[in-house]
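The two complexes that follow have chain A in common; it is paired with chain B in the first and with chain C in the second.
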Partner chain A sequence: MSDLYSLTPYVVLAVSALASTIAVYLAIIERDLIKAVLYSAIQSTFYALIFYLLMVPDIVLVYIPVAVGLLPAILIIAVKKTEKYEDVGGVPRTTSIIVLLSVTVFTLIAGYLLVVSHAITFDVFPSLDARLLAKWFLATTLWWNRLFSSMSPEAVTAIVWDYRGLDTYFETSVMYLAIIGALAIARYLDIPRKEYREDVMGMSIIGKMSTRVIMPMIIIVAISIALHGHLTPGGGFQGGVTGAVTVSLLIFIFSVYFATRFFKISIAILLRIIGLAGIVLSATIVAIIGFLIGQPAYIFQNQPKIIAQIGLPYEIGGNLISGTLLLFNTSEFLAVLMGFAILFLLLSIPEENVLEVIKGEVE
Partner chain B sequence: MNLLNPVLTIIGYVLVGIGAFCQVVAGIGMNRFPNFFVRLHAATICAIGGSFVPIIGCSLIALSIEEFGVIRFFLAGAGFVTAVFLLILAPVGSHLLAKAAYFSKAAVLYPKAVDLLEEDVERGEIRE
Partner chain C sequence: MIDLRTYLFTVTYIAIVVNTVIALYGIFVRPNILKKIIALSIFGDCTFIYAIIIGFRKAEPYPEIPIMITQQPSKEYIEHFVAKAVDPLPPALVLTGVVIGLAVMLFLIFLSIQAYRLFGTLNIRKIVRMRG
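Presenting the complex of A and B:
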């Protein structure tokens, strides 16, 4: 009986995966768009159940309101404002069969991987004693032993980068995907060229003068937050967002024509790509070094471990840099600052120019 | 320095008390004042009286605690710098808010006693 009881989560997992597969198939072949949205909401519900079973409650807390509530609501409003039926005569039968086959194959591969992980760790689901894990992290973070610690006195940064690097990486890439989406939507738009005139444009002289005084200090604080990310609370993302305040101040207090003297969209994209390359480099540099000198190493490795004895130095000339953390924070600062600069510049394109481009596309 | 410490403490506590009083006054004003521009006045009381003054008070209190050692100078210095920036930037912010709200006509100027800015604009001395 107890065997049967311990099998329950596996059965629920399998049934949820199957049901979400069917819901995806129905959502794709359905011609009534409202019903398709409802099918996709059903699929999200089953995914939330799967996430809960795999013990990621933080993802579930975000996933339920967004994917089950907010997204279908927005989609239904959009469908009501436009057309209720797909006008392309439905999906052809061969396409629907291909979709069904590919979704089934994906589900089977995912299930196979779960079974393989079961064979390795003898357990699909993570240990229920999560507190033990947290205690281990906290005990090793400030224990200055290079084999166990990440040599950074800031516990949050150390844990996020050294134990949950993949998680951080994907969280970061979500924001970059959003910016890529904004760039793709605005690919035909450009900020119109116009001469900035101090006496006509922008807000009053009081605002301009105090902004000129405060702006260098904001940049200095932002750089200090980013470069001290491995020592104090903060880091690359927080520093980048602080620095992005300067761009929005330039746009709102002066004018977008004044801001484009310092931030051109193309240069911002270039700097953002450099930052992204730095993030990728800081994730893989130890693995690359290990590959070159022929020693075992991991992606996202920072300090040497027992089975992978190479790592970056944790200090240079007595200054603590915590291995890859300084490189990561610097690149993340650059990438986030330039990403937000691009967003602000795109948002400040005048409406007439946007309308011109849209009309030109339609006609 | 020892003799000065109680004086600094008392002045600091008095300043913090003034700050608490200003916060309450600003809260009442925020709820009771009739339109945007007068409510902005209450917000400015909150920013200067309710934030600038107690931060100075906290810095003085931090200076007077000798157990902190050298750290107390860092605390007090950070407090003074923050207070000075608040003193410069809070009025600028409310000035820009008021100007933007006035010229975009986003806020209704209903119970109005006098509007000198309107007269200046009519005479052409100030550009919108």
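Presenting the complex of A and C:
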């Protein structure tokens, strides 16, 4: 019986991986693009299950809103605005066979290199032991010695901000550039001013009513995920993308005119700038304090280290806040949520208005 | 005697490799730009699963998530935690990867909608012929 108990997760893992293969095949081969998007959402659901069984709840929390919720929704908007069916004529059969063969060879070589580099070992698969670096991270994430620890029981958030803060910094920059690019493409465009009318716009009354009930719950879950990021699975990214689901619901179920009652693009940009300023502040606050009181301190420092012995308190009145992690999670939540809100609002501008502006530009 | 868990895990790995092949085929051969974007997102997800598989480990009876359940860990608890928990570094890297991936996908979708407005089609072969 105990054998069966320890075997079950692996059986579910293999079955969902095989099912995801079928979904991927259907998604690539399907000519109706809406169906292809739905198949890829099914594939994402199986992948979320795989992530859960591989013991990474942080990824599950960020992956479900992103890959099952936001990306299919935006792809469906894009398909509706463009072609609905894929035209596969004009692809020679020999070309596709040659491409398939070369892709297979490439992937096999890549998989073989993973084995050669001892990233994956086939004799004991999965491996029995963690890497030395992983052991160090795990042992020092919450430790009695503050000089070596980041004082957070959540090892993943500790690594995201404390050990690899530069990654997060550049990640935020990439997202910032993507949003700037989208804003640049959509320059001169604005959401037309129109009064929202309950009986004409949006989906049926059932959808609207249930969305009104669900919306506060989603917001509360998102804020809770973000604020407990240093204690439980979650953090600023996960909370931000979960919160962005509410914006997409507002636009899809009601309409963009209903969404603009609550916030406009300029307000979203302003709130995003506040979030980015919070991220910069949490990166530099220890260095600023060190500069003010005349002691050595570093950018991206959180807890005191041997050569720079100042740092933020890791608890206030018995509540663990892990230094700058709480500030970072809050501002990352704001930045991610508002960034995606901007992109959603830009995508939902009606096509007639866009074509008018573009016409003037092309001619 | 091969462990049944190793066998099932290998099946998972091979399924993900097959997914990668199909997704790359879709990126190269399918003519519609949006279909290419769908295939690209599937390819990215497969890459994330490789990273997570590298960090996964076998532990008796099962591995643990890399999150402590106490705020004042004793020495014994930390030893138990290090012996059981999976590698926390790949999740941290994949976490940023997922969010960057979504932002880049949104930008690509923006570009393809703009291309449709300007060219009137999303078939990449037709667009190439138009400009060539």
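The working rule: the second predicted complex is superposed on the first by the 232 of 363 C-alpha atoms of A that agree within 3 Å, B and C clash if a C-alpha of one lies under 4 Å from a C-alpha of the other, contacts with A are read in each partner's own complex, and residues count from 1 in each chain.
By definition in this document, contacts are C-beta pairs under 8 Å (C-beta built on N, C-alpha and C of every residue); 3 or more make two chains touch, one makes a residue touch a chain.
No experiment lies behind these values; they were computed from the predicted model shown.
S.K.: Which chain, chain B or chain C, is in touch with more residues of chain A?
M.R.: Partner touching more chain A residues in the overlay: C.
S.K.: For A:Trp143, is the partner it touches chain B (first), chain C (second), both, or none of the two (neither)?
M.R.: In the superposition, A:Trp143 contacts chain C only.
S.K.: Pick one for A:Lys35: touches chain B only (first), chain C only (second), both, or neither.
M.R.: So A:Lys35 meets neither chain B nor chain C here.
S.K.: Taking the superposition on A as described, I'd like to know which of chain B and chain C A:Lys84 touches: first, second, both or neither.
M.R.: neither
S.K.: Once the structures are superposed on A, label A:Gly207 by its partner contacts, choosing first (chain B), second (chain C), both or neither.
M.R.: A:Gly207 contacts chain B only, not chain C.
S.K.: Give one of first, second, both or neither to describe whether A:Ile74 is in contact with chain B, with chain C, with both, or with none.
M.R.: A:Ile74 sits against chain C, while chain B stays out of touch.
S.K.: Please indicate which partner A:Tyr5 is in contact with in the superposed arrangement: first for chain B, second for chain C, both, or neither.
M.R.: Only chain C; A:Tyr5 stays clear of chain B.
S.K.: Using the touch rule from the top, collect the residues of chain B that touch chain A in their complex.
M.R.: Residues 85, 88-89, 92, 95-96, 99-100 of chain B touch chain A in their complex.
S.K.: Using the touch definition from the top, list the residues of chain A that touch chain C in their complex.
M.R.: Touching chain C: residues 2, 5-7, 9-11, 13-14, 17-18, 20-21, 24-25, 27-28, 33, 36-37, 40, 43-44, 47, 50-51, 54-59, 62-63, 66-67, 70-71, 74-75, 78-79, 81-83, 86-88, 90-91, 95-96, 99-100, 103-104, 106-108, 111, 114, 119-120, 122, 124-131, 133-135, 137-139, 141-143, 153-156, 158-160, 163-164, 167-168, 171, 174-175, 178-179, 181-182, 185-186, 232-233, 235, 237, 241, 320, 336, 339-340, 343, 346-347, 354-355, 358, 362 of chain A.
S.K.: Can you name the residues of chain A that touch chain B in the complex?
M.R.: These residues of chain A touch chain B: 203-204, 206-207, 210, 213-214, 253.
S.K.: Quick one: which bits of chain C touch chain A in the complex? Just the residue numbers, please.
M.R.: 4-6, 8-13, 15-26, 28-32, 34-35, 37-39, 41-42, 45, 48-50, 52-71, 73, 78, 81-82, 85-96, 98-107, 109-114, 116-118, 121-123, 125
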